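This is the structure, below, for whatever I ask next.
Chains: A, B, C and D, in written order; residue numbering restarts at 1 for each.
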Amino acid sequence: MPSKIDTQIDSLGNATIKSTLGLNDDEGLQNTFVKDSDRVILDVDLNSITKKIKSGKTPLSFELAGPREELYFDSSKLKCGIVTCGGLCPGLNDVIRSIVFELHYRYDVKNIYGIKHGLEGFIPEYGHDLVELTPSKVENILNMGGSIIGSSRGEQEISEIIDSLERMNIRLLFMIGGDGTLTAASHLTEEIKKRGINIGIIGIPKTIDNDINLISKSFGFDTSVEIATDAIKGGHIEAKGYRNGIGIIKLMGRYSGFIAANAALGEQNVNFVLIPEVDFDFDGKNGLLGKLEKRLEKRSHAVIVVAEGAGQKYFDNKKRYDKSGNILLDDIGTRLQQEIKKYFKRKKIQISIKYIDPSYMIRSVPANTNDHIYCSFLGRDAVHAGMAGKTGMIIGYYNDKFVHIPLKAIAGKRKQVNPSGKLWHSVLESTGQGSLQNI
Amino acid sequence: MPSKIDTQIDSLGNATIKSTLGLNDDEGLQNTFVKDSDRVILDVDLNSITKKIKSGKTPLSFELAGPREELYFDSSKLKCGIVTCGGLCPGLNDVIRSIVFELHYRYDVKNIYGIKHGLEGFIPEYGHDLVELTPSKVENILNMGGSIIGSSRGEQEISEIIDSLERMNIRLLFMIGGDGTLTAASHLTEEIKKRGINIGIIGIPKTIDNDINLISKSFGFDTSVEIATDAIKGGHIEAKGYRNGIGIIKLMGRYSGFIAANAALGEQNVNFVLIPEVDFDFDGKNGLLGKLEKRLEKRSHAVIVVAEGAGQKYFDNKKRYDKSGNILLDDIGTRLQQEIKKYFKRKKIQISIKYIDPSYMIRSVPANTNDHIYCSFLGRDAVHAGMAGKTGMIIGYYNDKFVHIPLKAIAGKRKQVNPSGKLWHSVLESTGQGSLQNI
Amino acid sequence: MPSKIDTQIDSLGNATIKSTLGLNDDEGLQNTFVKDSDRVILDVDLNSITKKIKSGKTPLSFELAGPREELYFDSSKLKCGIVTCGGLCPGLNDVIRSIVFELHYRYDVKNIYGIKHGLEGFIPEYGHDLVELTPSKVENILNMGGSIIGSSRGEQEISEIIDSLERMNIRLLFMIGGDGTLTAASHLTEEIKKRGINIGIIGIPKTIDNDINLISKSFGFDTSVEIATDAIKGGHIEAKGYRNGIGIIKLMGRYSGFIAANAALGEQNVNFVLIPEVDFDFDGKNGLLGKLEKRLEKRSHAVIVVAEGAGQKYFDNKKRYDKSGNILLDDIGTRLQQEIKKYFKRKKIQISIKYIDPSYMIRSVPANTNDHIYCSFLGRDAVHAGMAGKTGMIIGYYNDKFVHIPLKAIAGKRKQVNPSGKLWHSVLESTGQGSLQNI
Amino acid sequence: MPSKIDTQIDSLGNATIKSTLGLNDDEGLQNTFVKDSDRVILDVDLNSITKKIKSGKTPLSFELAGPREELYFDSSKLKCGIVTCGGLCPGLNDVIRSIVFELHYRYDVKNIYGIKHGLEGFIPEYGHDLVELTPSKVENILNMGGSIIGSSRGEQEISEIIDSLERMNIRLLFMIGGDGTLTAASHLTEEIKKRGINIGIIGIPKTIDNDINLISKSFGFDTSVEIATDAIKGGHIEAKGYRNGIGIIKLMGRYSGFIAANAALGEQNVNFVLIPEVDFDFDGKNGLLGKLEKRLEKRSHAVIVVAEGAGQKYFDNKKRYDKSGNILLDDIGTRLQQEIKKYFKRKKIQISIKYIDPSYMIRSVPANTNDHIYCSFLGRDAVHAGMAGKTGMIIGYYNDKFVHIPLKAIAGKRKQVNPSGKLWHSVLESTGQGSLQNI
């Protein structure tokens, strides 16, 4: 549990406008405002929390999300922007729709615009127009994958973005994106402060890998795991279909193996899961190849799930980066196939490898129901926060609660699968793979 | 937050057998035992928890679930039973499979039996045989709905059940069921103690309505909401298809409207949600019928989701009970149709009602991926608890953690939708229905 | 095989305008025109066809559908209408989209309008506006159930419809509907001829029951059978879940049991199928109830699929009609439950009935892929026929070919399951139900 | 329409045993036997069929499939085998189940065995045991993909297979497989005849590519197209998500582009379809690359569906073969990506390619409902034919009828998409791609 984390939410200034939410009695919505002093603790261990409080320390906590009684923005004059960045992820359209509906119907904000194709949309040379977002335009987008306003990878000049925001007169910007985008959001917030202008920046963390620090689940993750299990099912059937059949399913997960681990538990026919957090050897007594051979001897087929970021030690470490600043990983899927083929060729054992990479079939699907609901909350709480003048923050979720987390608190940290925690333990039980390391 | 709740877990006696889990180094499973002193607090509000602890009180908490280092049962001599009771619910087979796999592979327990058709299976006159449960028998049941060992509604004599358990020599019984079953489990535990015999009773709460006290989500709920949204989608399409089309979808929810509320958020095309927790009037200024008429005037179609337990004030209160002791509810679905038809006939407005009751199409589906994963944890933790000699408890889940909750702590209380909480608030925002009460 | 069927297609007049389809060489579409003399025979039995031809008779055949080289309408001046009538059916939006795309992109017709809510849309008092249909408007409707232009049941005055068509200046009308609609289409054609005006009427037969004479498969049928099997799956799981569990699934099929028969073959866990074409008795040696009892004795659960039009002999024959002129059937689903309950109560055998009526959950789904493809052909061929000046006809399908069938050839006849044919034979084999009649 | 095709079905000898099917009156199955003289004509064109018959020729026709009144085999003494060969295909388990159920329940044959892993299962050195196939073993396999008896690619020695059949005492063998398998079946039949032994060989054609001569649809094809459209949907969403996004979906189709063509019609968002039957150029006025550039200029995204056998002219023609004797095709998917990247790099246009290869996720799924039903008929008719002593034939399907087709009639011919036929025409209309050839 980290302790030196900045937990205070920044604000654009005094929120002095009375919210009209819940004033109308026959809407049945009264008395539901949340105060900034309502805070949710992170650590739920009785012993540690008791000890901390008794010793006079304050446990780590964040503001509870929800509607505020005092607003910063005057809805009749406000123009809002929404931008989606990076790789596609189930639920993008859900978040967009939720923000638009909440702004339009609950806060009476009628000027809402989508920035086309991610941060590119701020840069004049690309020539992207703004997209007007109205309830009727977004009403039926829940069952479409992708983002109706498009996306792009890669950074853009911070000052150019702010110039654009000023030119466009956008005073409240919702940024839906991952690591790179939230870092950009952080820089934007700082630069805005420096310029002394009042533009609110609210982030909604998007990471199909579920690797955002402090957050128990990011949107689209549940959907991704579900589709990933279909790919595993396919790999399993193909593997069983042939003598010494080996199904390899490569899943997303650059630094964190959450999709691989959860999908393996969701399908249950997996024999080996390889993730970035847990080292493995190809050779040696405990190595993958020997254990794979034993598995084939016993059952004549095997299923391997590999996260894209696993086994990076097997590649030279000249790091290359893509436009979003992500390290370009060497392809463990290809390497794995090569090693397996070589090994069994040497052993003169006929095998049949079936390789499945479902990546874009996962990223592009619409959200499932669970994510529909989750995204609708994210969007609403993002609007509540933005209207109250909060900035430099994201909407987070843990302990069954939605909270406000400062961008600074999550930047540069990454959530990972704990190799001695319950999730990985369960994967080991379910696969029976044991340690794949020679120590 | 309730304060006088019994949080201590009962045990059959001293757990003195060393667990062999994690002893084998090359399994990579070492050092993951959980201690009984690891406890998870329920309340995560910073202010209230700080105040409580500073004033010397102990906040409500429950034992963390997970493998224990000391076991009570000797696996070579242990015979276990599993029973599923009440209405079908997605995930029953997942829990069964997870228990069997964990007992067999991790604890080396080879005698595992399914009790056929719920509590009936204990009563000799029904003539049900025990079903031997082996890994190969349960390996492929994840994609089947229902329960492979069957179920039944209704109580059976507590003493007869214990007689049977003794006759069968079952020393550890996993009971998967709802309210009635967990009450029976509680009585069984007491009677077992009275008789001075050592039989462990571990409950896994099953309630498609998600209404178990203290537990944030029960298994099968996520799947149910997903399928329920399909029914709503159908109702919406049918309603839109005709002039003044009205789609009515009746969903489960005897006392708690969680499925109705969540499904309405998951589909977003619902105009009215009626749940047991929130009263509504048919007539009058704020009444449903008038608002429905206004909706039809404006949009020419409407979608109503009604939980089966809504509007019970409209029925006389001679209570009748089914075999499981559930109150037999009068049929609000039928009543709703009658009132609507009467109203619009009087108003001489042609309408077209399409009524959908998807109940059994929801209850009978296999679990979705989210529930697959959730159930696999439930089953594993139930086995960990049972092998450690714990009894009279269920496996619960809140604040992202699995815990041990005494049967006494949940009996007789019910979780309900909070009419002034975030969930219902969101439903009101999404539907725009407002208050349907004349006050 | 009927012999006195009118097979000649009516036409509005000489088709003298050269089609531009396929003129552009680099479209790769040249040389694909179909001639009216291309005809498809219905009977494919070698012996009968040989005998008929040798004896100088002409076997029954219909014009092959497809693009014609000469057109009747001048696309620049043409205004087209589309109307969808009766109950919803998967694929309506597909047909609409296909017609719009073909007219717009291939024939350059830019004035295409949807008539709102079926035949109602022609009647001024209902106040429905025309809906302009453009490619962008219909581009994304494939994944929506229902009809974007709405529907209605019931007849309207033929002369009023024609008055409307004249007022609206619609010269080519595509009518998508069932029995009643096609009868109306036939009357429209006659009246149009009487009035000496030139309005083309092209029907696309819509019947979820698949009961249109001469046509091997109507659109939406494949999708319906697929969803129906989900309902059967649910009924089977529920039945197996309880001692003497009986799952009853009521499916569509007023006069023809095609959905029930096919769904039973698609799911394979059905024990009794009841359809309108095959009589059954409740009581007696061969009766359903006795056989059901035997089934329960042997397997302890049973699944019954009943088409809505089955067993009508059990109701008095005062016929009542709905607005579309369909006979209002008495509810065999309810009757079946009553008879079963009464029987087993008398026999003092406890049973557990689960009743599923998935009707609106079937009608409202989007088409599956097979129907997507099928509907896209129907729409295209309807446009080809209409542009060539054909009228009073529908697009039909048999022997793997799309054809033109005169409205007169199908009116008043109905396709039914042949009790001694291959389909019903297979149902009998799959269920093992045998004859349910005492003769 | 081919004319010199052998249409006579071989038989093992006189069928002299009276079938007991349909003897039992209360089964309602009487009078449904099919005679060998019932034949189904292939050509349904009125003009050509009339001309042919009038000129004294006999049109091409095949025996109608179905139960025969006289059987060759004595069920009490018969042992049957089933083998599945080649790549997985949705519906394999359906056919297996249908054969087993029909043999067991209708013909009272109790000795049915699965040959493990295709033709390998006949060769002792692989050490595969026979798998006993009983109704209870195959009852629940409909919802599993793959084949429960496994498969393998590659030929085996014909004489060794027959030795095995004799050793195993299998007198009736059902062979489910593609091109290679049916060729093997043909050789087996000849060799069996030479040896003067009486072993029946019934083929059920399996080809996911739908390329078997004379047959309108092979099993699993409908399912494959359905899943393929999901992949296209993903490619479309990904393409739309980015500026100049290009989605490439590689589908099965070595020599015939049926899956690609149908999936493009089933999803409708495809801009280019490349199939083996229709040549295309990369460069030049009509070439793919220039047209792709124009598409991107206009709409900023594009979707390309490519069948694996398309564009083989771009590879040198040293042919290599896999173990089943299939030509090893060079990878057009990779080549396509390279050409596109090169072209746009030269043009200095930034693009974003997303490549999807769903092959194994298609092959491994269970059959959809349509294929469930279709396979159940195939299996039943295969048994009817086999029991009647027919051999050297397959069960085929055209003109809505199941027929017996001699192995010789289909060997060495392949069904392909007709470049000037209705299917390809519709693809051209739907994509608007035009000719991609410079001529």
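Throughout what follows, contacts are C-beta pairs under 8 Å (C-beta built on N, C-alpha and C of every residue); 3 or more make two chains touch, one makes a residue touch a chain.
Remember, predicted model here, so these are calculated numbers, not experimental data.
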Any chain that touches subunit D and subunit B: A, C
Of all other chains, the one whose Cα centre sits farthest from subunit D: B
Chain centre separation (subunit B, subunit C; CA means) in Å: 42
Separation of mean Cα positions, subunit B and subunit A [Å, integer]: 29
Chain centre separation (subunit A, subunit C; CA means) in Å: 46
Junction residues of subunit C, two or more chains touched: 144
Interface residues, subunit D side, partner subunit A - complex: 88, 117, 120, 126, 128, 144-147, 150-152, 230-231, 233-238, 240-243, 247, 354-358, 360-361, 363-365
Parts of subunit A lying in touch with subunit B, wherever the complex brings them together: 24-29, 31-32, 37-41, 44-47, 49-50, 53-54, 58-59, 61, 66, 97, 101-102, 105-106, 142, 216, 222, 225-226, 229, 262-263, 265-268, 286, 368-370, 372-373, 376-377, 380, 398-402, 419-422, 425-426, 428-430, 432, 434-437
